[in-house]
Amino acid sequence: MSPWRLAARRFARNRPALTGAVLVAALVLAALLAPLLTADPLAQPDPVRLQNQPPSAAHLLGTDPYSRDILSRTLHGARVSLVVGIGAALLAVTLGAGVGLTAGLAGRRTDQLLMRGVDVALSLPRIVLLLAVFAVWEEAPAAAVVLLIAVTGWFQTSRIVRASVLSLREADFVAAARALGTTGAGIVRRHLLPHIAAPVIVSASLDVGNIILLEAGLSYLGLGVRPPTPTWGNMIMDGKDVLFSAPWVALAPGLALVLTVVAFNLAGDGLRDALDPRAAA
Amino acid sequence: MSGPAPARPPLLEVHDLTVNFSGSDGVARAVDGVDLTVEEGETVGLVGESGCGKSVTALAILRLVEPPGHIAHGSSVRLGGRDLLALGAKEIRAVRGNHVALVFQEPLSALNPVLRIGNQIAEAIRAHEAVTRGTARWRAVEMLTAVGIPDAKRRASAYAHQLSGGMRQRVLLAMALACRPQLLLADEPTTALDVTIQAEILELLDGLQRKLGMAVLLITHNLGIVAERTRRVYVMYAGQIVEEAATEQLFAAPAHPYTEGLLAAIPRLDERRDRLQAIPGQVPPATAWPEGCRFHPRCPHAWAKCGTEMPPLLEVTPGHRARCWLVKEPERRKK
Amino acid sequence: MTATPLVEVRDLVTHFTHRVGLFGTRREVVQAVNGVSLDVAARETLGLVGESGCGKTTLGRTILRLVARTSGEVRFDGQDVFALDLAALRRMRRRMQIIFQDPDGSLNPRLSIGRAVREGIEVHRLARGAEADGRVEALLAEVGLPAGSAARYPHEFSGGQRQRACIARALAVEPEFIVCDEPVSALDVSVQAQVLNLLLDLQARRGLSYLFISHDLAVVRHVAPRVAVMYLGRIVEHGPSDGIYQRPLHPYTQALLTAVPVPDPKTKRARVVLAGDPPSPVNPPGGCPFHPRCQHPGKNESCRTVRPELRELAPGHQVACHLADR
Amino acid sequence: MLRFAARRLAFAVVSVAAVVFITFLLVHAAPGEPMLGTPERALASPETMARQRTLFGLDRPLPEQFLRYARNLARGELGESFVLHRPVAAVLAEAVPNTLLLGGTALVASLLLGLAIGVVQAARHHSRTDTLLSAATLVLYSVPVFWLGLVLLLVFGERLHWLPVSGMTSAGLEDRLSSLGRAVDVARHLVLPAASLALVQAAAFARFQRSALVESLDAEYIRAARAKGLTERAVLLKHALRGALAPTLTLAGLSVPYFLAGSVLVESIFGWPGLGRVAYDAIFARDYNVITATALVSGVLVAAGNLLADVAVAIADPRVRLDQ
Amino acid sequence: AKGPAGDAARAPGGTMIIATTGDADVLFPPVTSVTNGINVSDLLFCRLAELKLALNTVDDAGFRPVLARSWEHPDSLTIVFHLDRRAHWQDGAPVTAADVAFTFGVYRDPAVNSPLAPFLAAIDSVTARDSFTVAFRFRRWYPEQLYDATYHMRVLPRHLLDTIPAARLATAPFARAPVGDGPYRFVSWAAGSEIALAADPAWFLGRPGLDRLIWRVTPELATAVSGLLAGEADAMEVIPARGQLERVQQATDVRLVPYPSPFYAAIVFNLRRPPFADRDVRRALAMAVDRETVVRSVFGPFAEVAVGATSPMQWIWSDSISQLPFDTAAAARLLDQRGWRRGGAGGLRSSHGAPLRFTLLVPTSSQVRQQAAVIVQDELRRLGVDMRIQPLEFTVMERRTQTGDFDAALISRTIDPSPASLLQWWSPGAGGNIGRYADTAFGSLAAAAMRARTRAEAAPLWRSALGRLNDEAPAVFLFSPRNNAAISTRFRNVTIRPDSWLATVTEWRVIEARHIARDRGAPRP
């Protein structure tokens, strides 16, 4: 059985991890189907009489201060959060893997240059940069949020990847491949990439949760993806003022947020355990 | 017990020791019904190939098997007549390192990398004796000198990574012997070392044993070491003792085909053989021991009975026992 | 040893420079191989023994140009290995292969055994498609792996089987010369014998040359008619194994031989027990590299100051010791 | 060691310089400009604005502005806040200690709490306590800081009246309190914001510490310690924890950015007059000099955290310390 | 100080903690621009005269004396003020005519760059006739001369400032620890956290009722309200969010004090852009917006539909101002007539293939306006108009509206008590006229109103001008919120002047029976 399938099996036997994965899948599905399942998240059926309505048959999770349906907004918010979280995590990890691979494979000089750069980047106060950039961004479409979060978030991955490339380079099976005459590209493709895939996947899946939290924090500050596009962060902000009179307004997105992050962390932890080379036997 | 003073019980008496590991692919019977005894002051060998359960046996004696492993009901480990498996947590702690000490295979990983070696020895002393910190330290230095570490006073404040492999193994010995145990379980104490260093350490161990008068259970996979250093040997295969004999007897007339195979498979320094006699096949995984005699799939003499009935330890000559039906039916031995 | 040897190593030196200290503030030079010369003839096995860290692996890898040499020369079939361009080197590598000590680390856990063996075939375009599959099957059968092994992954095999797979991988490109870097050290005795037998069979069948590296003198004696003993980056004794094993000339070889426990309770031998650890290859001692541990009663000032060169004291039997003939 | 220190320091300086450069570019390239007024009262006429630009040299080409800024910075001058009409250094001098108090308290608290939880979990790993704590730390770790802050504020501040909800001191009472009373007062104000920051990070530390400990409990030297007859407590605290501490301390040093990010949110919620708040206000007011200076201070703090992480590891792990 | 002493005997003292969401910028009136800076410096520095509660800016009768004991109009271009000789700076120096003249110089000095300077453009000079007499000379006659002479400037102490170069005034230590002449003295300012003032017992108009005023910065509105409800703070100037208002409404210890706000919010069209150049399109859009729904949804009961470009604070406010009706049918007809017919995707209107679509800029700083925009968007969609909302950060939006780079913008205007401020926003060429609205009819109505000598005369003219503005629809005037101060029930005698909520704070008192710990805190000597 291939190591990937073994890992999959280990993952499937891990109850919490499976729960996380199922939750993630359900979330993705719900987000995908949101337009079919629910009404227009922007529709305001009656902004005077229907605002801040408690949950009812017509609005399963109630309505917000604009009379919009919270269920629909929460589901549509999932789209943004997931797109941002997954998108940025993937992008960041790709960038990080690229740089890490380059540093690990290139000569000492390039390696030094890249890694010193990464060290500097790691001491950049990410939040100040993000605040500054988002505050000035006229419109922050989800794509921009993804891009910015990714661009400021790949440094750690590149270190991990570089370290594993460096240790893999010393592995006997790489030496054996070189002795067989396999070219550099062949070694990278056949021997290095499959190995760095595991730590990269793990770091990406754990990143998703962090990025979703980050995005929510930015939205909460009124930055990031702008209203009326629903995001969980700005939904919580909408609900903040009516936290006492209409707690459901902020509760639904808040719970959705926590649940999503928990789900990704569970799945990420599970992936780490499943892909852990020490558990490979 | 009543009556006249009974014969002194052996120092260590292990009976029907069974250790199971429950894992995702079933239960592994790592050690399965092991019986062994060690008399006071004696050196006994325990040989066997990788994974046959030597280390687990040693750990089980001190009840150091950790989950998912557990010692099965019905096992007994008696030290001077006292059943260690029945002791409370505090009492067994008083045995560990004090009456029975353990030396590990990998000297680097058995030493805590972040604690000074002197402290690690002193700590072993203070765990069992009410001495001051200073005294314990002083004794630690003394122990280090005893195991042949030059400039012990200074070395006591070194960390494991600053020492060479041989030195580390000496430190481990010092740690184990700090409380002058009656029994030392030496789990492959030299496997990780070069032959020249290995010889040094074994010499040292010999000397210390004589000085302290302790018994040693020498665990190894190296038959050469067994031949040179032990009086009696147990051979393990697949979690079981398959043969037990005085050392000379074992090498002169092995009774179990596995022991025979092992002896034939070793390349010798003193003679040149054209082809080694390999034992075909390989050790099965601990989760799936074969039915019947565990060695039968690899045994050149096996017949039907071997595949269905597990042989007990059968007496070949007094003090020499083998777990093989051939003892009873020698005529089945193939030429 | 009549025709030109297949592999000629001359004065080979391999040093590693690396940075040490918390943040690589100091340079350190590891003199792993320090002027080694040796030959391996076609169809011959040269044994190489020595203690851990004396530079055996480095020597083997340098010969295959898997490690950059510092100076010296390696010729394979008359060609200077270090003068080849990359394409030529790749072609050359078809002819020389290596098997490693650790069968876990030398197989990529994410490649099936079949794909691992196939790699060399593909790289050198020796066969394609079904033909390649056929070759893989044949190789696996040749090294004694059960049918159907090709689709399985390293973790599904035992150590001995993995080592067989490594051998199959090396054989796939039909090499003439194989560096066997402690191929049986990690194996149990019963399995070790199987693998050794396999290597001997293959040599006989395919006419291979081996540089057989081991720290186990008994194993080397068994496979190699000629042996080189290495200490701290240098060859200290070199000759036919019968000679070396029966009349070792170098005090180190003597100590080595007597240190090996013999699996026979009846033999009792005089033993030369060394004191102390081998010095570090970062700062090898001057003079004879062995002098700090040497127990020879005639040890003198020149041992400390003058480095002994290899001298031939018996036919084909060389030793680097000032005292060997005294 | 000296060379190492020098290298580290040089490196930190380069990092901070990069931070300043990037931030400077970012804020100046941004649309919008320093305003004379607030969202409610846009007072300034276009002419007033134009004069403002000239006064602060904002009409000069960007490279020239940067050179001037860099020159001043080299002389230790951070410039003047456009909005607050005072030296940036003075603004920071007030805010930074407050943030250090909040962040430092939170860091220490989270580290202690995280270590404690991690140790308890590792001591009983795979027990019910462990599972429960794992679930709790996972959820806590997944809660947005601002959300936790709001909840703590509503429950402990407004509903239960146990703790004050905003600021650093009780307004109007400072001058009537003894210095001890004042310290207690500040401490009481510190509880909620510090807890908001600390709880989430404590969960992170606990998760990390638990797995590091469980892993180190697997080590052979732990078995050796048990074989010596040590108590489980000594095994856990002396042997396992010592080895597992280094990575957690590293994490603690590297968590400075988290505390900075969190302080932006938490300082807003609890009205804590710190750096996060200054940065936030400055960004929205396009107070260029203040923004750049906050980035600079953050950069210094992060670099200090990294350094601290190195030092902590060196202290905890002799393999690093003595590798000379 | 006999009178004040008697007053002090009656004054029970006490401390008021004012929760605010923002800090002050600087306490130097010419450059102070932030609400809290203005509020604080208003209590430290006096004007020559103050508007009475009615905020009548036209007649002299609308003013009460402060630093100026009295004033007269010797001719149509001059006002002469006679200073109150009791007035003194808190360092003991008397307030003199020279101070007033100096102050005028500071406000007008380009190096100071006061944003208030443009409001003083009509004043030609200010001269001290003697120590306590000062004459303002105007460039032209208009009814609001007294208003301009007194409202914008707060008199500064010349003796403390004249040695400081004008360009450094705003950054001088004085600007962070000022010495004033008002009812309160500066005590301390911890940036981002707290500003404390103490009553000046020797204030020449009588000791203020409250001993201490402390502004407490609490950026998060919800926290500020929590603090108020928990008794940590006593008052807030305004609670801008409906949800928070409702929380306060339910509290027993805090009450809401409503007062007209000096704001209105409107969607301003950029007349430079095609669809909005067409008056009928603008009218149609205005008629399509159900402002009542917007207001009720966003504010509940806490705001009113704007009757035009004014707020209830201004004396010209009236229900009788003519407005366009909410009439979607009429709006649809109008658009049909102008060629914007339905038929595009999603029932969108278009003309010659171009859809009726525009982008509305909304500042991210205002929740309320974003909320309103979202509702308007929905209403316009039903008419077949695609309005896109672009939330922009405040300074960015300001920049775009100033440079004309927008379709429409949901702006909020802070207006002065004087209706003359209308012209700043709606007359051609005015800096605030971001939509480039130009209408001669409106211009002449406003000009006539500006010349009227009395309120009675001016009011109908202003109202017609506002009606004309509504009819032309250069903007949709959405709402004018009713501000609600939240003030602890411990305080009595609370009145609020809409343009400056603490203008009458000297009269506020703490109910003796409800003194708490901080009230007993003696002000530092």
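Lettered A, B, C, D and E in written order, each chain numbered from 1.
Keep in mind that, in the parts below, a contact is a pair of C-beta atoms (placed from the backbone, for glycine too) under 8 Å apart; a residue touches a chain by one contact, two chains touch by 3 or more.
Bear in mind the structure is a predicted one, so any value in this text is a computation, not a measurement.
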Contact-graph separation of subunit A and subunit E, given in steps at minimum: 1
Of D-E and A-D, pair with higher C-beta contact tally: D-E
Farthest chain relative to subunit B (centres taken as mean CA coordinates): E
Mean-CA-position distance for subunit C and subunit B (Å): 32
Approximate Å spacing (C-alpha centroids) for the pair subunit C, subunit D: 55
Computed distance of Cα centres, subunit B from subunit A, in Å: 51
Subunit B-subunit E separation of Cα centroids, rounded to whole Å: 90
Subunit E: positions in contact with at least two other chains: 222, 365, 393, 396
Complex interface listing, subunit A residues touching subunit D: 116, 119-129, 131-133, 135-136, 138, 209, 213-214, 216-217, 220-221, 233, 236, 240, 243-244, 254, 257-258, 261-262, 265-266
Subunit D-facing residues of subunit E, complex: 15, 17, 19, 22-23, 25-26, 28, 31, 33-35, 38, 110, 113-118, 167, 170-171, 175-176, 190-194, 212, 214, 216-220, 222-224, 226-227, 229-230, 232-233, 263, 363, 365-366, 393-396, 398-399, 402, 412, 414, 431, 517-518, 520-521, 524
Complex contact set, residues of subunit A against subunit C: 1-4, 6, 171-173, 175-183, 186, 190-191, 194-195, 277, 280-281
Subunit E-facing residues of subunit D, complex: 31-48, 51-52, 55, 80, 83-87, 91, 94-95, 150, 153-154, 157-158, 161, 164-173, 175-176, 267-271, 273-274, 277-278, 280-281, 284-286
Residue ranges of subunit D touching subunit A (in the complex, touch as defined): 11-12, 14-16, 18-19, 22-23, 26-27, 30-32, 138-139, 141-147, 150, 154, 257, 260-261, 264-265, 268, 279-280, 283-284, 291, 294-295, 298-299, 301-303, 306
